[in-house]
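Some structures are shown below for you to check.
After this come two complexes, each holding subunit A, first together with subunit B and then together with subunit C.
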Partner chain A sequence: MLRRLLVSFALMIGLVGGLWSAGAQTIIDVTEGTIKPYPIAIPDFNAEPGTEEVARQISEVVRADLVSTGLFATGDPAAFIQKDLSIGLQPRFADWRIIRQDGLVVGQVGRTPDGLLSVAFRIWDINGGEVYRIPVENRQTGRTELAAGQSFTIAPDSWRRLAHKVADTIYTRLTGEDGYLDTRIVYVAETGPKTARIKRLAIMDADGANQRFLTEGRNQVLTPRFSTSDQEITYMSFEGGRPRVYLFNIQNGRQEVLGNFPGMTFAPRFSPDGRSVIMSQAQNGNTDLFLMDLRNRQTRRLTDHPAIDTSPSMSPDGSQLVFTSDRGGSPQLYIMNTDGSPLSCPSGGRDTACRITFGRGNYSTPVWSPRGDLVAFTKQTRGKFHIGVIGTDGEGERLLSEAYLDEGPAWSPNGRVITFFREARPGSGPKLWSVDLTGRNLRQIVTSTDASDPAWSPLLD
Partner chain B sequence: MKTIIKCATAAVVLGLGACASDPVVEEVAAPVTQVEQVAAPVQRAEPVQQVRQGPVGPLAGSLADFQANVGERVFFDLNQWRLDDSDRAVLQRQAAWLQSYPSVRILVAGNCDERGTREYNLALGERRASIVRDYLVGLGVDPSRVDTVSYGKERPIDGGSTDAAWAKNRNGFTQIVSGARNS
Partner chain C sequence: MIRGLPASILLHVGVIASSYIVLPIFDQPLEQVVIVPIDLVSVSEVNNIAPVVRPAEIEPEPESVPEPEEVEELLDEPDVIPEEIAPEEDIVPPAAAEQEEAEPEVPEDVIPEEPEPEEEEPDPEPEPEPDKKPEPKEAEPDLLDDILNDANLFNRERETAKAPPPPTPEPEVEPDTPPPDARRGVGDRTANTARIESIVLSQMRTCWGTLEDLPEPERLTVSVRVRLNTDGTLSDDVELVKPRRAPIGDRYMSVAIDRALRAVRTCQPYRLPVEDYEDWEEIVLNFRHDG
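Presenting the complex of A and B:
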């Protein structure tokens, strides 16, 4: 059955070449303005014998993923008229128009001869009365072609990832944005009283499933960040009594101290190319920024200023950094060239670092968007904390959230969503949240313990 | 008599400087009047004197002595790292005590309240710890005896979320690492 499916998919591939991006049928406008969620029906996928339960579960996760983006509304299955859907057949569009669905996903779950779980699906444009063609890589030619459907296979115990892949494909096809649903989030799991807090590294799927601890909690750990590969993280630990930056390989559990700095090191992040770690080093009351090349372990000083310089984040092309400094008297955001050369400041003049925040309050933990145009930050003002975004030129500051404590934004790999941690009320304990960069779709990512310092993985392979 | 011993123990363990001496004296004083009948009042009173000057106070040079008679923490104003007069008084006592017990090594930890972001607070705590260390070194403490660390906002001593709790949590903590006498 599956082989037949694959063959039919090969036949369905349209040879439109590179035209697919130009002829985009993109329907969902994800820029500013109110968004009416796109109504898309996702009935439970058809199942080959023996996969009925997992087919139902996969369908459920696809629906939950799409709803979680805030851009889709999946219709009520009780209202669906057509029950005899098949992936190889055109649906009866009138049956879906009458219940006001704009899109329809028809899927099929099965097993490959070598025991893998497979899912194949098509997305239908109900109003246009045609299938949404999906760019798919032709395995024989290596070229991307437009196909009438898409299929994925995976080991059966990773069935949730199949669902995330399907959801990402739908999301990408209908919004024009890269996906972010098949990702993980690394964070700090917190237990115990505030005065004797236990903090462990933990990791989970971006939808909150599969939570597990990576460290035992003997030493407090803080601020993990993913590498551009999803297998390596950098973080800070109090192991050995003082804060130092570590590398941790998720696959084999190996961890190592990064560098042999005097004093303490903290606030680590990878450069976007994954080749370096940038971090703060503090000694004798002064905190500056350093870069370590991971290949030869050479370090380079990035800032040399008597004020505190911390929380560095690199631009996607690696040419610039945004960081927190209190050189102006209070914590504010500054931008500098990675090579240390002076730059023209948006507020006038040339300097080795330009301040970009001038609003009332303290700004810290800047994170450069993967798209390059925005910086997310934590702002503290009038007794409240906010997550916000601002242009790299200091223009267009927008606050996205407000609470007793909102801290530590991190971008989804497509730059659409920000995750952060929130203590809603004094003493209520930190929890993980996410919000769209427009400030909509604020939602909690439920964790089994208190949680802080979330960081997003790149899109998984 | 039992009351006195209990109190002395508590003083050592908890580092409480002032033991409740008034009730103790009263309790012990009562039998003393009885003893007067056998005309040996002065000698009978001696145990009271011994207890108050000897075992009641922490052993000089011990952690308890440092905690009770010197002070382990200085407290900072909001977003500040400067030392005020009362902080300097504590550190002057610490320096003098450290000069008296030259084998003692210390770790100065800088702490912050929860009303700041994690990484900036790690840096701010390091700055606070260094200010304390520099002041002690300026008073003659050998720098090789003083380590510093910052715990940022990660180790509050008061779990509350009030101005008073935050004020306690913004501190420089001088921890004796080694070399103190066993009390």
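Presenting the complex of A and C:
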């Protein structure tokens, strides 16, 4: 009894003490802010003799990459005060503070003895007055350590990738998110008149450089999707007059039909582990979802419903998938367990598939974010098309774009940016666009032909 | 005509009679408007302040606090350079190795050329400063004495100017009797706190990057404690209150922490009322998502 009294007395003293100390200082809740680009100065990298031109080009691509994310503003080089930068020296922070830069990148381009192009760089925290430590894998120990700088080497003709890697490192260090700039986008390149449209598979760097065709255009292709290993694409082709799902190996150019289903197969997509492909199959007037194991080519039915089920996309852990179905009367988005077991629906009750969209209009082409928290979709309502995102529990729907036709969203591998295709007005031809998941930074990715159905590769090695 | 005459007389009589009744009203004196000069004073300054102000402490602080800090910073900088170079030799992969071999030579050659360290290194600079500060305070009155001794008029002024010093010898009295310029009032200063809060929030709005673009923003609340100088700059490094350090493996919490720390640092100086310094000398900021 006495002990209990003592304990409660001590607790009371603690509580009063806590309240006293809490009351002694002002406590402020900050809930409002603005996403402002991070001001970072990236002067042209220093160059060893013979690399001046490529050093300038690399610096330019690094700047363009970071600006394209919408999260960085690279300062005007004409305003830079300190010109005598060197990777081995600490910059004069005051010179950069006065022109309101928060970060500074100092780099050095050179050649290794075996002829490779090399770049070494450091990122300085101007306000903190120190270098940003970068996680770097120690090749001797195999462990990741925090280093004061980073360096990359690459074959000279791949200098753009070197620049993308530098930009990704800066992006990751300063935003905390994985990079996505050293990636590629595969898409359908469209040429010719409307009546005789030629649709070819094409691929380019994520910034629109190095565009090239992958197929010759004898057969129409649709909905290309990248595997998690960046060398393989799955898509739908009308080869032989029948729409079927194909695999395409970018490295050796080989393509093969995936399974020999009766009826037609379409809307394929790799599972996150890259070991299977999920797709729609139409048979006897009904469309359902199927999963094919790529190792043994066995298929498994995922849905069995008289309604049309299509456009499946798996969650990053592979346990669930989101798809479009008109089982409720109009096309809406549904979530189900991959193993077909019933799940608790956010809207109440238990079912084998839960509807997550209840807004006005039709929802289609859902894509689960690689981050796992959102589903991107196409929404058609009141004669307009939108790209939007919604929480996997059906909460927080947000429309990111609006146009005569916006369709086919695809996530960047870090789940931060969405690319899609847009037809601004009837007959204007589709073009590729990208937008940040907050709805900011909407920008066109310029392609040499009309382009549709973009899909993002994972980060390159 | 004959009929009209009595009517006219009656009307005139009526008018004159009514004027006798009504006119006295206008005879009453008008209300006098007294023009009172008014100062706009926020309510909190009058009725919601603590009774005691500590002028003696506040004044010296801006001079003494920031300067040692600068000294520290400056002294730090030369140290950083060798540190930065040394770790890089170990860590930066082979490609940079060549440069690094050259680097130690370059910095050694170049650092002395850099104006910064040269300006910074001389320790005497920081040392005299603290010494100088007290000196001028004593010296100035002496000089003034010399110059103004002849003029009685100025002497009088000087006496009044010297009047404040007498309170300093009697600081023990301070707790009981507020100094002459201390504002009288009662209350727990909540209104002051509200004012400080609104100023900080309006500044923070442009400095903080929000959490809306991160997954599960509700769980990413970050609390930091900041200590400020009277000029609104950070007097100390920002202290993480919750979470106490960036959790390993929780990258989005790390992003949230980075954003909070960056907001607090880039937003300084905070433009807060100096007279309420004790209310914002130390502030805890909770950066959270308001869904």
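Throughout what follows, the second predicted complex is superposed on the first by the 428 of 461 C-alpha atoms of A that agree within 3 Å, B and C clash if a C-alpha of one lies under 4 Å from a C-alpha of the other, contacts with A are read in each partner's own complex, and residues count from 1 in each chain.
One rule holds for everything that comes next: a contact is a pair of C-beta atoms (placed from the backbone, for glycine too) under 8 Å apart; a residue touches a chain by one contact, two chains touch by 3 or more.
It should be emphasised that the depicted structure is a prediction, and the values quoted were computed from it without experimental measurement.
Within the superposed three-chain model, A:Gly349 lies out of touch with both subunit B and subunit C [touch as defined at top]. With both structures placed on the common chain, the touch criterion links A:Pro49 to neither subunit B nor subunit C. When both complexes are overlaid on chain A, the residue A:Pro426 reaches subunit B alone and has no touch with subunit C.
In the superposition on chain A, A:Gly253 makes contact with neither subunit B nor subunit C. In the superposed model, A:Ala267 makes contact with subunit B only, not with subunit C.
In the superposed model, A:Gly115 lies in contact with neither subunit B nor subunit C.
In the superposition on chain A, A:Gly240 contacts neither subunit B nor subunit C.
Across the interface of their complex, subunit B is touched by residues 193-195, 197, 199, 220, 222-223, 236, 238, 241-243, 263-264, 266-267, 280, 282-287, 308, 310-311, 324, 326, 330-331, 362, 364-365, 378, 380, 404-405, 407-408, 426-427, 452-453 of subunit A.
Interface of subunit A with subunit C (complex): residues 24-36, 86-90, 92, 102, 108, 110, 112, 116, 118, 120, 127-131, 136, 138-139, 145-153, 175-177, 371-374, 416, 436-438. Across the complex, subunit C meets subunit A through its residues 73, 76-77, 80-81, 84-85, 87-88, 91-96, 98-100, 102-104, 106-107, 110-111, 114, 116, 193, 196-197, 200-201, 204-210, 212-213, 215-216, 225, 251-252, 254-255, 258, 262-263, 265-266, 279-280, 282-290. Only residues 79, 107, 114-120, 122-124, 126-127, 129-131, 134, 149-151, 154-161 of subunit B touch subunit A when the two sit together in their complex.
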